[in-house]
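Heads up, the next two complexes both have subunit A, just with different partners, subunit B and then subunit C.
Take a look at the complex of A and B:
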């Protein structure tokens, strides 16, 4: 057996295939490019402009992001003399990779997942909380006042809004009485989608995702007129490209979790049966989950061009004073739902 | 305090202090903002002026563009060169001791004093303002170029730009009756 055949075997081994190709690295990367392009086009339409157009007018500027990527790849990576080199270099790379890591716990169909586990919701939610720490580390290691301010803002916002996200997840988990994504989706197939079971938790988690991943109405961490690029001020070249991608990757992963918890996951997929295992239990459910997550991402991208940026004090006041209370309220709603649909799991 | 002041104060308060709105009112405002954004997403209005592809012709009649000399009207009094604040116009001597102005567009500020002061109305403005020069020497217009209207590139669509509140920026072809 040659080297190439061994490599192909390794790549087609389900856990590796899952993490590297379909919902993993390559899929997310292609999605990232399309999503950033879509964001710029949508924002352009709403703000009475065209968005990227000049580089390929027939494709509506779709090659702009490829051109940007090539530019980032060919730019010099500058490391400031006073930066703390090892954490400076490792922080964005680790944040990008760890931002994708929750995919290990997210199934795309009842039969398509990298690692079978019973507590997948808990593990996915826990893994999503790691990248902000590396963002703060990047800000600290850059040794720049804007970076430090950005890192401090990230820590404030993360504390406020990940509490909202985690309590929303906890409340919907309370309604399902299971910590397994697969069982949660099967339960939604039997009863109804989670967004109808507990709309308050869904709303709180949606706003929490937009805030915690510094999506655009709330990019307080990276606000350009205030702190130049926040924690990523000192980065250049492809490192800056990675930094830009972190929030998109985190948003997409959060949206996958949201899809599985609130939007019924692969719900209508059970109606289709062709008899082929690959089509029935991998392609169709995977496409449905990915489409739902992409539509949700586009909704968040749409919100970017409508709202203005909040101040940090407004965002924190809204986070602790309003959305935290709403998330706690959703726990009560979940208990009510549980009383209605019955206590047996 | 009269009625007008009180009402304007109320309006200011509603606009500036979001904390005074109730939760339902806030939700309504959010919904309105999102609905407007969605409307713009489906029916876009573009205010972008796609400059190099469509070139706007100014609609004002007394637009101060590039200057053209009518050689047969000029009597060589050199008032234009004297009044020129940027010293863009210079007089040169042509045959039989006659003087004629030439212009250096590197210096010209398009103030129009020369056109105003000319006693025989030998200078006039065109609508053309933006030409590209490959080097500095070509920005000096001697008599052969100063007496002709400047040529524009052929492939550019010449339009008038009209701001339409319903449909955004509209391009009206030059010569149509809507102006």
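Take a look at the complex of A and C:
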């Protein structure tokens, strides 16, 4: 009795369990390892090479990222003399943690969520907008010209893609007439998946997610031959490892939101019933949601094998000139959808 | 310590201009530094700062025997070793007043063109990764291996062949080389179509290179640009045609010329050159006459064992007299068309075993000026696109 039991109790307390173990930190971390491994393996396959293989050859190099992180942990963290220390330190850590934070509002099944709330879509969407600010802060605090240019690029792109993502979310919310993920998914179970209800909003949000998480062809903020590593140029050791992880975490979280809004969430889960609450209400729906999000993430990382990168002005022109208009158009589509299905919902 | 005032130079930077030092430790700079001045996102001035990989090659050449300058000069552009050193031997042969036998000429041309293809593929790979296209990077570098291995079949070395001799070559064409080449040629022709699908006609790549870094014909002539960069701007200048050497006068090939002068034209020009090079090698393998691979002046010095090696294995041993080569006093020059443009060699002999003076003008050295004149007015993100399309190689410029 005592400390250990108290700790276990604390971990098993639903909000903590949700945020730390499933689907929070540890679960996301494991998925991240699988995702990055798969990305590198697929890219290697296309590019006439093996991909990671040296560490754990029997698992086809799956533990490469763990080895990399261990190496990062033992590396010296070099702080530039002229850096603004507090924001320099806090920015990547806070960006990583806050990047994961929208999970507090994302339910994995109708009965499995950390905090019951009626406006979960609004909260999740609002929380996804915080990490870019910290990326800009990291660039500014590093006091390096390449970092500043990278931060400036991030700030331009943030404005462009966030408008697209938020309007897409707003338009599908308009069709569902609810700000609750659970109700939105239940509605999709009744009618049909959101991607069929409003394909234009889905497409605009997908492109917005790719821009937000600097996937190719929008990998502009960290464009290597121009600005070295963008806002993260001056980071080393585990801080650099965190910086690398931010965009993956954000992509996974965005894809969870996309899955719940457009891909029917845990939709076919209702067909399975074993009688066990844990299996029926947590494991099966959770696995379905996670699988959908992972497949979507894989499609996004796959783009790096096909595309180069856009110039910042081309990406901004595409963001404001085309996808913003498309997102506005999706509002009209949603109004039309609402007019047709309104009597049912 | 006080520094005398005249040793310090200050430079006034215009207001609202950001000075960015790209390199020498930067993933997009190569072995050199660029001082880029940015007004917002637009480059207003670019200063290429060369000399980071200067190895005093010309001076070193004065301190070693004539033949030993070959492995030295190869290191200017190790990826294009045959074309880089052929000019040296052309000049040396002028000093010695000899000409290689026809078969040796054909073998030289074949190796030069293999080297050119490999070098172009290397340049494409760099352009690919500069534009963020990792698949193109890996594909181009992977397929370059085909031609490196082809050169290895011929010379026994992957990159630094040291294959030429004054008045000949080191090895005869190995048996089955024709089939090997045909296989490689068919493979790369198939791959060029695949490159088109994923790289050249990729919309994202297309918008990055089309109309970017435009070099007009007038400007190309005025700046003395050479090689594919000049030919992509409408200047039909190719040493293989203007001052033909080795087997080129007997072979039928075209010099691809583009008018646009942008990054895309520079890239496509090189793609066409690969096709022409394949044509040249095919013809050369077909039209190659039989005969010795080394000049009879040196053949006469061969011992019985050396002759046996030459006849049974097709390997030309170096006679002792060639190591202590003493060309008559005088001077000679030669020009050769390498993958990046014209190489100029100027050699002075005082009758000794070592060159009195060896002067090299390399194509990258002449093209480096383009950074200064081509970049301003474009965005910072265009810097790698233009750099990659110029196929600039710092060690070649610095020598």
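Following the convention adopted for this analysis, the second predicted complex is superposed on the first by the 339 of 345 C-alpha atoms of A that agree within 3 Å, B and C clash if a C-alpha of one lies under 4 Å from a C-alpha of the other, contacts with A are read in each partner's own complex, and residues count from 1 in each chain.
Please note the rule applied: contacts are C-beta pairs under 8 Å (C-beta built on N, C-alpha and C of every residue); 3 or more make two chains touch, one makes a residue touch a chain.
Here the structure is a predicted model, which is why all the values come from computation and not from measurement.
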With everything superposed onto subunit A, say whether subunit B and subunit C fit together or clash. clash
Name the contact category of A:223: first (subunit B only), second (subunit C only), both, or neither. second
In the overlay, answer first, second, both or neither for which of subunit B and subunit C A:305 touches. both
May I ask you to decide whether A:45 touches subunit B, subunit C, both, or neither, giving the answer as first, second, both or neither? first
Which of subunit B and subunit C A:238 touches, first, second, both or neither: neither
So in the superposed three-chain picture, is A:313 touching just subunit B, just subunit C, both, or none of them (first/second/both/neither)? second
Candidates 99-107, 117-125, 135-143 or 153-161 of subunit B: the single one with C-alpha clashes against subunit C: 117-125
Give me the intersection of subunit A's contacts with subunit B and its contacts with subunit C, in residue numbers. 46, 48-49, 305-307
Would you mind writing out the residues of subunit A in touch with subunit C in their complex? 43, 46-49, 145-146, 149, 216-217, 219-220, 223-228, 304-314
Touching subunit A in the complex, subunit B uses residues 33-34, 36-38, 40-41, 44-48, 168
Under the stated contact criterion, what part of subunit A meets subunit B in this complex? 42, 45-46, 48-50, 302-303, 305-307
Under the touch definition given earlier, write down the residues of subunit C that touch subunit A in their complex. 18, 20, 26-28, 41, 128-139, 142, 198, 202, 204-205, 207-208, 379-384, 387
